[in-house]
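Read from first to last, the chains carry the letters A, B, C, D and E; within each, the first residue is number 1.
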């Protein structure tokens, strides 16, 4: 659409320069104020940056000049060796990634279900609420290691017909059991923060209980708990590796195997880098989305 | 005593019939012995001091609060019965809250079309078209894609009103819909409500706006400490009340420069 | 039960005496092992008793260096603590550490005190029962397991060219074996005898893997890198090997490796 | 205060029976309604309870009648053996408990600080905000195992003068580093859910930034994220045990040692029971407090 | 043009002096070329349609929004300058929000005594005593220990007013403080505000309540699409405005039954 066509139509009425007779120019006072503000901010930011750099720099110097630095470097940061073992670690990371995808989805669904049961108020659901509470308390409270052992080694020991003894499947189930307890609590806290008047409004509009959850409560609840949910996702990526006790090799186990061979810890560092290569972009992306949506929604930003 | 709108006998079933309703929060009795009827195509307006129980009464009718006693009948059906499905009941009721209760995560437009598309199953394009008509009428066309938090108080209230109007309910419950509006918009809303009444809508309103009461009400009920103390046509209650409490209230309203 | 007189004749003891050795704690030899320490390396997880192969070796080395039994102090370490850089809490550590050139870049090893083949433990009726060759294992598509931080793992991958299931410890591996989640478990031969006899129901030793001791140079005592006492400790190990002490300890605590067929 | 004294004074005016002429009696209709409601609720609850019992019962029967049940029972639930090793596990739990107390407090403080920096909006704090973001991303993303190895083995390897090489202290520091990253994110999400208008109101009242945080923002924020914070506390109790790779014996490590000896998993189960004995009462208590305070604050409960 | 309250010359420094203030949100210009003064012991009332920018103006004065241009002076000091500490400024300002903004995690009493005890350093017992006096005056004595969520709309607004009054500010900013009140309470609040003025309080108000404007205002400013279109004493603006926009607005207010 060309400039000329837009003129004079109602569509264009929001465009400030047209409405208010020529583009607005900030006054001298405002210009001075902005410069002063920018200057002060820049100065403070500079002080903050310098002081952080100073602290970090000092730490770095202490580190590098310490008597044991060479030993430490050779033990933890022997890059040549690290790159040598990297392929094995990345191969192991395949396990983490696959399990995270599978377990992640199931954890989200099961966690959501448990959270919904726990936050329900109908007296008819009391027994389910009770069970859900026990579920969360127990599976959150016992070491995941034990859950994995019980499911991964215990179920095959039962020798039930038609039940798998595939460690990958059983291990994934164990991970799902544990993490859904955690995630249920996170989602629950999100649901609790949605003010009851929001439900009241939705129900008054004729939305059913489910529709209210789906369109009004959960969108708000989940947005609010995105950071802790991300916590759990990142932890999940790492913890899927716990099923290595069943004999599956994940990134950390791959690193451990290498370390056991060479007595050098660089493989662990490589594993960490592989994890970070996935989790940091994920976190940054989610964070940006969250911030944008909060900024769009909330006025009164700067107080 | 039959309460407001039951003076004449042999009338057809009223849209709403509340009988001996009672509601308390803990020790505090908020509503007591509330009995009234709202015949079809009429508007009943509740007036009364702050805290007298107006909002609570509307919430009870909407089944958002469980009453302690008494019955509420909608089109003759007892909606306060134990086995009633509130969802079905609420499909027939529209409500605007005193505190707007807009959905902060949805734009103005999304707020408005949520119920039509999800509850009534209207096609989205239709619902949007309908919504824009209402937005236009209330001067909010250019705010359709804003989030509620960015609107002024009056704009938010208008959106809440539009949201409830978009549903064509059997009975409309309006809780101080004009309180955050500027006088010009009060007029606008007033005429909207009048139009609605003209179209046959049945309404229950709570308001502090005596002018509003006067122009819209078929019957005005004066709520005082949880009881309906006096009721009747607006001319009577607002200009010639019998009880001293009512007189006192009306007098102070006049003093406040309203009406 | 450790020999006390055997090595004192050696001429090197003048430089390698408790007075001159720079041990963690002066006058005391601090020896580390794992927690728990396994049969038959240590009996009943009580190295102080001197019972079990490694316990006996430890006391023999101590005696060779001139420490009497009361001057030996036992500590426990995890695998990671044993190989960590920085100061160590022990003078030497023995828990079946295989000597490899790679590891020697990080820690010191004494000369080896035991060399054995790796062996495969399985159960009666498994799909690798009766297999007699390495190729046979491969053909059977055997799923073999091993504990992490052992060289058994290497054996599965290099000598057999199979993909290993890696477990935290033998306990987990045995459980997987019992559940038939793996077909066999690779461990050093002495452990294999123990596991097949005691822990695995209907356990069998499929066989020793020929040449599986070639990649490494046997088990050595682990010391921190560039430890001044390494040569003395090595000499002591050599001395007890030369004077027959080691052979008699081996005979006393470890089964005869001839009992297991060799897989070529 | 006796009944008589209260009469007629303003104080008593809220007491319903007196004000409204005799105690109120529910009408017949109301009584019938309550009975119907109770009946229906009871019926539904009964159905829910029975169906859950049925499912659980079936599972139990399948479990107990399975061919391998005896094996499984002897491997995981050999109670006599369990009680034998229990003292050692409880001793190990001492480590978990101590570390949790010490690390927990530090984690709370450090996490709070990081959350506050990350949610600050002053441009002057940009460098700190940047650092805080990196801190969270990195230490949340890398396996805690590596952090423990780096701190617990790396720092002593540096042979710095005046720096401890006590594994307990170093291990605790490693735990604090990792968990404060998690907790910071949880608290941050809580802070983000407090509507900006609350800050605006507090600042308008003249409260400083700090006072606003202290009296208005944090009380609301922390209450909202209590469930995920509890998640992290429970996980912390268990994860303090990770420092056992440094050679400290915690409850899980104690169990592991026993299991490695006996090839029997009952010690793990005992460890889990010890954890549950602490975490469940903790969770129940916090939950009750949370519910009470929510109920007091929020009207419109039942919609 | 000097804007409202600058017609006389040689007057002492006004408490508030706003000059050429401009504020926009994204593309939307909400306030433009706003210039006015509030001399000591006077009340300036802003009227205007919903969305005309009244709340935004008060928020700017309170430094809750950063202005795009123009200056704001409090007692002659430029509080819009870059190096001003907003905390110090806000200690001199009281504000009641249109949406109350009570603290939901505190009881009514705690809401009220927060600022006196924390900001002004008044002893807790004293602050409580003071709070109870105000609660009594507004008929909320028995709600002192309730949480805001349990109060009716009018009760919440009264608590918000009490909260701001408890601070004895130099300048009071009141944003539609009567909108959720019933007429009787409007009277009560009106007389409170009158009393405050009598005690010498300086005030800026935004209101839809013309009666309120008439009785309290020294000067009324009519805000229209972000500009002060017309200003003057209430008698003039409310009864005899010059501009057609103002006349139109006032006429419709009258039609709505207010005043």
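Here are a few things to note about the model shown:
Please note the rule applied: a contact is a pair of C-beta atoms (placed from the backbone, for glycine too) under 8 Å apart; a residue touches a chain by one contact, two chains touch by 3 or more.
It should be emphasised that the depicted structure is a prediction, and the values quoted were computed from it without experimental measurement.
Shared contact partners of chain D and chain E comprise A, B.
Farthest chain from chain B (centres taken as the mean of C-alpha atoms): C. Seen from the C-alpha centroid of chain E, the farthest chain centroid is that of C.
With centres set at the average Cα position, the gap from chain B to chain D is 44 Å.
Chain centres here are Cα means. That of chain B falls 30 Å from that of chain E.
Chain centres here are Cα means. That of chain B falls 85 Å from that of chain C. Residues of chain B in contact with two or more other chains: 59, 64, 99, 150. Touching of two or more other chains is recorded for residues 84-86, 175, 178 of chain C. Residue positions of chain A with contacts to 2 or more other chains are 14, 40, 68, 71-72, 75, 149, 153, 156-157, 197, 200, 203, 298-300, 302-303.
Listed by label, the pairs of touching chains are A-B, A-C, A-D, A-E, B-D, B-E, C-D, D-E. Those residues of chain D that touch chain B in the complex are listed here as 14-16, 19-20, 24, 26-27, 29-30, 33-34, 36-37, 40, 300, 302-303. The residues of chain B lying in touch with chain D in their complex are 20, 22, 24, 27-29, 32, 59, 64-66, 68-71, 80-83.
Remark: chain C residues 79, 83-86, 100, 102-103, 105-107, 145, 148-150, 153-154, 165-168, 172-173, 175-176, 178-182 touch chain A in the complex. Per the touch definition, chain A reaches chain C in the complex via residues 68, 71-72, 74-75, 149, 153, 156-157, 165, 167, 244-249, 253, 256-257, 259-264. Interface of chain B with chain E (complex): residues 25, 48-51, 54-55, 98-99, 150-155, 158, 176, 179-187, 190, 208-212, 214-215, 249, 252-253, 255-259.
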